[in-house]
Amino acid sequence: MVFILNPDVKQEKIDEFICGWEAKGFSTILSVGTEHTAVCLIGNTAQVDLEHIVHTTDIVAYGKRITEQYKAVNRTVRESTVVEAGGAVFGGGRFTVIAGPCSVEGREQILEVARGVKGSGASALRGGAFKPRTAPYAFQGMQAEGLSMLRLARAETGLPIVSEIMNQTQIELFEDVDIVQVGARNMQNFDLLKAVGALKKPVLLKRGLASTIEELLMSAEYIVSAGNGQVILCERGIRTFETMTRNTLDLSAVVLLKQKSHLPVIADPSHAAGIRSLVAPLAKAILAIGADGLMVEVHNDPAKALCDGAQSLDLQQFAGLMVDLRARAGIEGKLMC
Amino acid sequence: MVFILNPDVKQEKIDEFICGWEAKGFSTILSVGTEHTAVCLIGNTAQVDLEHIVHTTDIVAYGKRITEQYKAVNRTVRESTVVEAGGAVFGGGRFTVIAGPCSVEGREQILEVARGVKGSGASALRGGAFKPRTAPYAFQGMQAEGLSMLRLARAETGLPIVSEIMNQTQIELFEDVDIVQVGARNMQNFDLLKAVGALKKPVLLKRGLASTIEELLMSAEYIVSAGNGQVILCERGIRTFETMTRNTLDLSAVVLLKQKSHLPVIADPSHAAGIRSLVAPLAKAILAIGADGLMVEVHNDPAKALCDGAQSLDLQQFAGLMVDLRARAGIEGKLMC
Amino acid sequence: MVFILNPDVKQEKIDEFICGWEAKGFSTILSVGTEHTAVCLIGNTAQVDLEHIVHTTDIVAYGKRITEQYKAVNRTVRESTVVEAGGAVFGGGRFTVIAGPCSVEGREQILEVARGVKGSGASALRGGAFKPRTAPYAFQGMQAEGLSMLRLARAETGLPIVSEIMNQTQIELFEDVDIVQVGARNMQNFDLLKAVGALKKPVLLKRGLASTIEELLMSAEYIVSAGNGQVILCERGIRTFETMTRNTLDLSAVVLLKQKSHLPVIADPSHAAGIRSLVAPLAKAILAIGADGLMVEVHNDPAKALCDGAQSLDLQQFAGLMVDLRARAGIEGKLMC
Amino acid sequence: MVFILNPDVKQEKIDEFICGWEAKGFSTILSVGTEHTAVCLIGNTAQVDLEHIVHTTDIVAYGKRITEQYKAVNRTVRESTVVEAGGAVFGGGRFTVIAGPCSVEGREQILEVARGVKGSGASALRGGAFKPRTAPYAFQGMQAEGLSMLRLARAETGLPIVSEIMNQTQIELFEDVDIVQVGARNMQNFDLLKAVGALKKPVLLKRGLASTIEELLMSAEYIVSAGNGQVILCERGIRTFETMTRNTLDLSAVVLLKQKSHLPVIADPSHAAGIRSLVAPLAKAILAIGADGLMVEVHNDPAKALCDGAQSLDLQQFAGLMVDLRARAGIEGKLMC
């Protein structure tokens, strides 16, 4: 159940309202947005008389029942959320591109890529410092040193940085990362979700390899209900029987996530396809279907990349893609910076 | 192995060339295209000396080995195939829309839909006369009478008609159907594939629910190697663990099919999604990713449709979608009629 | 809705009862079993007063509503069906083994395999004459000649024969085949289902690669509702993301099919695994989980098999497996002949 | 590459041998087993001359190349590993049953279940204290208090206890847990794998929902290569398109894991099926296919269970299953305690 509050209600009135419900055994989530402020009620609301509350309090404009299990991320609560991180804006009619290498491999590499993608119009720089790898003998990332190099690249280019956190003990290391990414393998690492829920910075939550759309929304609910409303959802392909691609990009998920939730939704064509030649066509489809942005792997020398080279664009290919996307953004009614 | 012939080679020379190979135990497929004429050699070609043949015959311009199992549909044979049916053209830079109801339900219904989709710019009319239904107690289609009604609709609107054949005994019934559709459940009905391979008319081959991209190409190979080169491939969603949609549309497949084959490729957002509100967004993505067209379910009164109403657009929604697609076709370099 | 009739009701009374319902617009299925005779009512039975009918007719013992879409195959209709074919019995507490090569490849081959599997205790001989092959250039089976060879093998060994039908035009060719197999790729070839539903002989219906348990039951419903109650269901593995095996054998399906239907259920470990070394372990699991039998590929010389050699047992391996299974049958309360 | 050492080689010789390789830039894994001691070499071994080493050192009996990516868990290293935990033995010809509730819900509940399953012959007690739940509002387990209750139950019954760890910060809490379970959602939580790899106690590693057999082996490799060889693998069903069961139990995986690895392999029919009536049939199949044991959910009052009640056996059903399994163990050549 969600109560949409009247504009200009005083904070003390809201606190009182919330305390009243919590005294009755409900949990509440306060959701302050640009459209309106809302209070979600979690618990057995079957006996709550919505009409009565609207009529007897002077702070509630109207209320709605939420039948889905996800409450705080539910579109019933608000139309849309805009997430801002270091100048990059997700949602609100923009098409925002995050680009960069799978892994930070060295100072020169990340600086070169950062300059390149900045020049082509990317809004944020991605780079893995801690890498989840299937094999223990594979390159595991440059770790804390990788994060330092990302900060250097940010200092030089002004691009906010996005990097994947592997577990909640790393929270402090990510204090100066602009967007904390929770990867596909960690989508249901619930302790990590709770930990990033306690942060005051944007979280990029990727869909798990075999997670349903509803499970992705429930994982976002963990973060938002813990107090952090700045969540960006990311579709990155699901595991199916098809072997010609690495995963199967599920573009219907982008539409459904936007229908059911108020959070911004982007997609990652690189991990979905696993093949370079598919990245640009998929990126165009991602824009056309109404996503709020894109996360794409770009490397200065894909042939020598320490991971995922086969799916990485080089700087020139990325530049070409950005020209193409920008030409299309207008017809989609999207703003590209 | 494929031999690209010199231009203006006389037919008798070609026949002689083919006979020579068949005498040595190979099968051959003669592929006459607008770009060039090619002869595919099927069999154990490991010992065939390509260089030698090019130098010792005067009809072969050059030759190439084909490592894939699919030969006649392989892009090595030619760049692209354009399929033409009753005025509708698939491939060659066009974006061609097939629209119509899941089932023909009556004379008035199909006429109303045909007029509507024609008015909005559809190039062909679809309508199921024989329906493959999971339950024996479900509506099985109007059968031969349904085909008659489609012909009436064609007579009135000029739209070529597309309808699904269920088995090879129905071949004669489909003599006057412009495009014969082989449905997802029949993609590996090999006797049906051979039968439509003997036709002189376009075949629309839909991907099976759990068929790989390679299997779809092999099924097309059945048709083309049997002598019918007019095949249109159709991606329509695959079966995955996700239950919020009917199937998962695999747009990477559209790109890969076009990379690996010379056949035109369209996609069906209606069966993929199973939900009306996803059809338009998916259709835009299908155009953006480079498909040659679209097959979409449209009904004059979806709420009363005898099958698949939940995924059908009404005539007004379809008109809106066509306006939207036409606005986008230019940027894709596609021609919409 | 199903009516269980009193014992010893005269046929004319039953006919009259059925006519009465059909006059009211219902379809009926008469199901004569060893336990009792039942009449299934198909149609909108929401308004039918079950109590009233039991009290006002003297031929109905009791009635039950069937909520599932499958009616005639529903376990509500009867406890279990026993299918008999040329001496082989499926259901009724037996564990019955069908064995033989993927394809009939020649007279000597099929005779040698038939003698071998007969000697080891198989109850029926399988052998493909018409082969559904992904590639048009692969061996397509010995066709009608293959069926003749199977008949020879039957004449010599007394084993009933099982072979796959590809489409309904082959019905006459299969007149003298004991069990007509509908393969995985044809599980939703509805015209074929209707055709074998008109036969008076057992049908072995294999689950489709990506068909749900409910869809398999609906396909069986096509056959039984068309008048042929002699259906054996066969689980043969489903397509999943796992690539180390050809398919994933779904043993839960065996249990669920027996819970929901009265038909006998067997399983095919050979196609499920695609690897010889998995066949015997899976066969033991199939027996342990309560299946009514097994369908296993056996070849006299697997290394030279024209198809599926990698998953075929040789005659000695099969003999060993049968000894093992027979030692286990007792503890399962199953009879092996 | 693995070197099998001669028996009775002195430790200093082994250390010297290992140091030699590490000086050349290889990683090594020392694997001490009952059969023999082995040294795995990790790195680019293409140029290593196996023959030469066997002839020129006096401590190496023989060597073999390992082509798979998993080295330390590879069956090339040894025939089989036996894992022992508080009296429960996994591998070595035993069929060992872990039983208990999904969650520890209270002192009386866990004691009652522990006594019950002990009485029926279970070898270990499972009970979730920290619960990974899809919804943040669902019961999250009794946490540390739950672990205390498990210890109480162990004190009374003598059963070793198994419980799921959620992340590596909980390692100390699990100091007194006999077998640390890494759940399906954490199978690729690589930091957790490294952490449990540093433990000196058995780890039960469950297959991920959408993880391949090879990925499971690679995750085990993380643990074993970190120094902890006491790993038990657990197949628990994979996510497929079928919706009638919670997951699809992949019994072929049990056979393949035992063929490719030396680790003991058990299976969990409860999570695989999600339906109580399937648990016993699947358990029998798990025994028949050659697994080393079983993990099954048992609750004293399934109807009131706080989680997974629908798939839990009650104490009487479990007792019946154990009688049934014990009757079958002999024919499998398995010992049940």
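For clarity, chains are labelled A, B, C and D in written order, and residue numbers in each chain start from 1.
One rule holds in what follows: a residue touches a chain if its C-beta (ideal position, glycine included) is under 8 Å from a C-beta of that chain, and two chains touch if they have at least 3 such contacts.
Treat the numbers as computed from the prediction; the structure is a model and nothing was measured.
The chains that touch chain C as well as chain D are A, B.
More C-beta pairs in contact connect the chains of A-D than those of the other pair, out of A-D and B-D. One inter-chain figure worth recording: chain A and chain D are separated by 35 Å, centre to centre, where each centre is the mean of the chain's CA atoms.
A straight line joining the Cα centres of chain B and chain D is 50 Å long. Residue positions 210, 239-241, 243 of chain D each touch two or more of the other chains.
Looking at the complex, you find that chain A touches chain C at residues 210, 239-241, 243. Residue ranges of chain B in contact with chain C, taken from their complex: 27, 42-43, 69, 132-137, 166-169, 185-186, 188-192, 208-210, 215, 218-219, 221-222, 225-226, 239.
Every residue of chain A that touches chain B in the complex is listed here, in rising order: 210, 212-214, 238, 240-245, 248-256, 259, 272-273, 277-278, 281-282, 284-290, 327-328, 331.
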